[in-house]
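What follows is subunit A paired twice: with subunit B in the first complex and subunit C in the second.
This part shows the complex of A and B:
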């Protein structure tokens, strides 16, 4: 008898536990769904709105049309701006890769006092260069250098902002290539640049690929710097041009903006998949004490 | 082809550790030379200083008649095989082997035919298209060697070239090296902490301790006539028996037993002098009947060495241990009362500083 009662009590306890567990699971699922919705809805808009004859700010199944794209392709600034974005992104990528690998290699191999302090300070200050706070001095500097309304000037400023992070990450890759590889090459008479090219860069390739994509994405999406430093619409990148798509009535031209946004985001997503497949993203190492 | 000469060479690391301390050594043209010593004694440091990968603190290095002390590593015409082989993982074996030629700006077709030629010599046929990661340790070692050969250096430097191989492969690679080196005829310095490897391979051996040279000589010399007790106990597959004693009335008193003064040391020691008596286990023998001039004791341990056995005999008065190698069918049982016998010319005396007495 007692045994039976005891077992029924444990059964009760178990079912209560299960109920709690179930409720907890429900709560968690609902919460996750809400958070997910928060992120998914803009993406859904990005996918649906371009194909909608009357796009609004809400997500709805489109009345299917390709007319938005036709309007977009008829707009000369829009397409040219994508080309400008490409110039800025690839230009910065090249500057960042060349200077970043040279700097990180030297910093990894040459012992100078206060090296780590230098690196951390650079990292800290880098967010300021391309940030809002330094825009006025940056602008004045570029005026003095005669680099206003020059894509080259924009590339320099953007690269300057990205480089410290790049150097920081690449230095870690450089640190982890065994010294004996280089020493061996050195004994056969290879000069430092030759060693960098033949031995260090091939070994740091996954890191360089990651950095390249990251740099492109950073520049591709940057609005502030080109907006301030470029004057002519013919030189402006997509991120800036998009801002100018208004209807005659002064309303944002959602048809044009949505189609353009989709076009604007495709290269970045494509690049992500390409690099991820080829090298896998490896931000390993990162920060060492 | 060149000799190597270091004079008063010192390499001091920041913090004051001397990896190489006052090293004077001449390595002859075409010689197979071993640097032997315990871990941390500065073998790698000396090798790297000769290569120019470490800058010497003072002293000078000559390769042939070229003064290289302040030369860049790439100008010294030395090739080094690193302990981890340092093969470039992203290049094919052929490209690895031909890399020195690439730096010398040799044309690609010529590079590949040279790589093939050297690959043949080092039994690497059929592997040239692979990557280093697809080779066994022994093959990788030969690729590293091949790369060194392609650069046609004056001097080869090997840092523990065999230590990454398993025991059997190591013996194979050892024989291979021993055969290859005279073929190539290039002066070769190799570092090892394995005395058997040094004895087997080298024409001459330098034994180091704490950055200082202890002895330089042929394998036979360092084995039979070690300069001091350190070399005596470091060289040899079983370490030398070293017993404390005093010279007394024309013989050596160990505990309460007397042994003859070693042939070398006769007339060089005086009564009452504190000495260390040394004898290699291989040169000792065991007698089951009383042997005059032998050391009397009891067998306590018997270790099988395959075709022989290492017998440990405890001397009665002070518990001194003497080890003896005997052939397999003659090992006495534990607890047997025995006499350890020897020829006095096979024994050595060391003074209180540990230096060998005799010439």
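This part shows the complex of A and C:
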């Protein structure tokens, strides 16, 4: 009797487990499908509309054409704005790489009094003084310096904003590069700047590449800083100019916007996945989004 | 805690202190100077200047632009007795809580958790698209959502058969909350993925052996391992969401200030209406809130290191 009851109980337990397993599988699949729908559907427009002969705001399979790209390449403002984004991105990248490697190398090799405090302060500053929180004084400062409507001014502000994070991350890289090469170079009489350029920079290349890509991605998509500091459309980057593409009827020019959005997005997406594949994702505090 | 600066006396320079290239202190400072100068001028100075500007009646144009007067804490009194400021602060709280704490954190965790138990190919596809939302420039993502939510041609109305619902006009705050969740979930997902990968499988195995259900497994095995990450994640995305200006491109704070979160409020007050002094006062309040969040975060980071 007891044995029988026991076995029926096991059967019950098994069937309950099967049910649980089934429900778990269902839940998992439904959730995955919902997540995919949520993240994929808005992006479909970016995939289809640029190739659609009659792009609308809705997502639909395109009536294939490349004419939208012709519209784009015939629009000097649009092409120039992509060039402007490139100038801002590369300009800031050069500034933060040069100043960042000098500073992080010096911080990594020499125990300047107050070094840890300085690093801590830098990290704190970069997280609390964001472009948004400091937009008013930054705007006024640039007015006083006569740097409104200057791409150089935008590069300085953007570089100043990301440089603390750059120094912080690069110092980590510099700390982990082997020091014996520098010692030998020094024995042969090389000067510090020469050692930095010929020995340390090549060793820290993966770190510098990561930082370079990161800086470009940060600046490429930045809207606020160029939006408040630049006046002429001819100097504005893609992120700002995109919102001026209207037809004569006052409607968004979808042919232009769709092709433009795709061309504007591809570089950062490509770079991001390239870096990810090569170096993997890294997490660092204070990275501004 | 002693100051970190202590302990580097002059005698230490002679022994091996890592200065293998013979940089020396003077040159080290010279290497450091250009970077610090840039940071001081374009990051630190604006923040300090906010302190002063917030105490003046500075305006973008008119007589107060040429000769700004010192008005003391008037701007702060004004802000703290202004309904628009409190409306904005309240909206910001809901926005941050809804899109960062609930939206990004919970969704990011749920995705990371589910992806540990699906096929690798499925996981790769899901992670790719979640990441894509994060990487695409914000001007483009806002346009994608503007298209999604459009009243007459939007895909959302077509999918839900909700007729001509004008989502951005009728539900502006909800719209930017969903939008910001969509954009930012990737970070939480990645962080929790790596956190979950650090949970020893043997512990989960033994929990399952003794018959622990999914909830018990989560509470007793997984959660203790990821507790630190939950905190880190919450603080970081709170800080970022609090400072995001991107919703401006979707609703511009409207209609009727109903999505007027602090960054947009400051922009409209200071740079559209020209009230630079008042805008600065509110900026300073924002910087102080940032400071509190960041200090807690950095303290946690330090504790974990030691």
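Heads up, the rule we're going with is that the second predicted complex is superposed on the first by the 253 of 289 C-alpha atoms of A that agree within 3 Å, B and C clash if a C-alpha of one lies under 4 Å from a C-alpha of the other, contacts with A are read in each partner's own complex, and residues count from 1 in each chain.
As a convention for this text, a contact is a pair of C-beta atoms (placed from the backbone, for glycine too) under 8 Å apart; a residue touches a chain by one contact, two chains touch by 3 or more.
Note that the structure is a prediction, hence the values are computed from the model and not measured.
Chemist: Where does A:87 make contact in the superposed view: on subunit B (first), on subunit C (second), on both, or on neither?
Modeler: A:87 contacts neither subunit B nor subunit C.
Chemist: A:272 in the overlay: touching subunit B, subunit C, both, or neither? Say first, second, both or neither.
Modeler: Touch partner of A:272: subunit C, not subunit B.
Chemist: Under the stated touch criterion, which partner chain does A:203 make contact with: subunit B (first), subunit C (second), both, or neither?
Modeler: The answer is first: A:203 touches subunit B but not subunit C.
Chemist: Return first, second, both or neither, reflecting whether A:148 touches subunit B, subunit C, both chains, or no partner chain.
Modeler: So A:148 meets neither subunit B nor subunit C here.
Chemist: Determine, under the contact definition given at the top, whether A:187 touches first (subunit B), second (subunit C), both, or neither.
Modeler: first
Chemist: In the superposed arrangement, does subunit B or subunit C reach more residues of subunit A?
Modeler: It is C that touches the greater number of subunit A residues.
Chemist: Counting only touches as set out at the top, which of subunit B and subunit C does A:263 meet: first, second, both, neither?
Modeler: In the superposition, A:263 touches no partner, neither subunit B nor subunit C.
Chemist: Just checking: does A:156 make contact with subunit B only, subunit C only, both, or neither of them? Give me first, second, both or neither.
Modeler: So A:156 only meets subunit C here.
Chemist: A:136 in the overlay: touching subunit B, subunit C, both, or neither? Say first, second, both or neither.
Modeler: second
Chemist: For subunit A, what residues appear in both contact lists, the one with subunit B and the one with subunit C?
Modeler: Shared contact residues on subunit A: 180, 183, 185-186.
Chemist: Using the touch definition from the top, list the residues of subunit C that touch subunit A in their complex.
Modeler: Against subunit A, the touching part of subunit C is residues 3-5, 8, 12, 17-25, 27-29, 31-32, 34-36, 38-39, 41-47, 49-50, 53, 58, 107, 110-111, 114, 117-118, 122, 125-126, 129-133, 135-141, 143-148, 150, 153-155, 158-159, 182, 184, 187, 190-191, 194, 214, 236, 239-240, 243-246, 249, 263, 266-267, 270-271, 276, 279-280, 283, 286-287, 290-291, 294-295, 297-298, 301.
Chemist: Looking at the complex, which residues from subunit A come into contact with subunit B?
Modeler: 178, 180-181, 183-191, 194, 198-199, 202-203
Chemist: Please give the residue numbers of subunit A that touch subunit C in the complex, ascending.
Modeler: Touch list, subunit A to subunit C: 24, 28, 31-32, 35-36, 38-43, 45-46, 56-59, 95, 99-100, 102-103, 105-117, 120, 122-141, 156-157, 159-161, 163-164, 167, 179-180, 182-183, 185-186, 192, 195-196, 200, 217, 220-221, 223-224, 228, 238-240, 242-243, 257, 261, 264-265, 268-269, 272, 281, 283, 285, 288-289.
Chemist: Which subunit B residues qualify as touching subunit A in the complex?
Modeler: 51-53, 73-76, 78-80, 82-84, 86, 88-90, 99-100, 102-104, 147, 151
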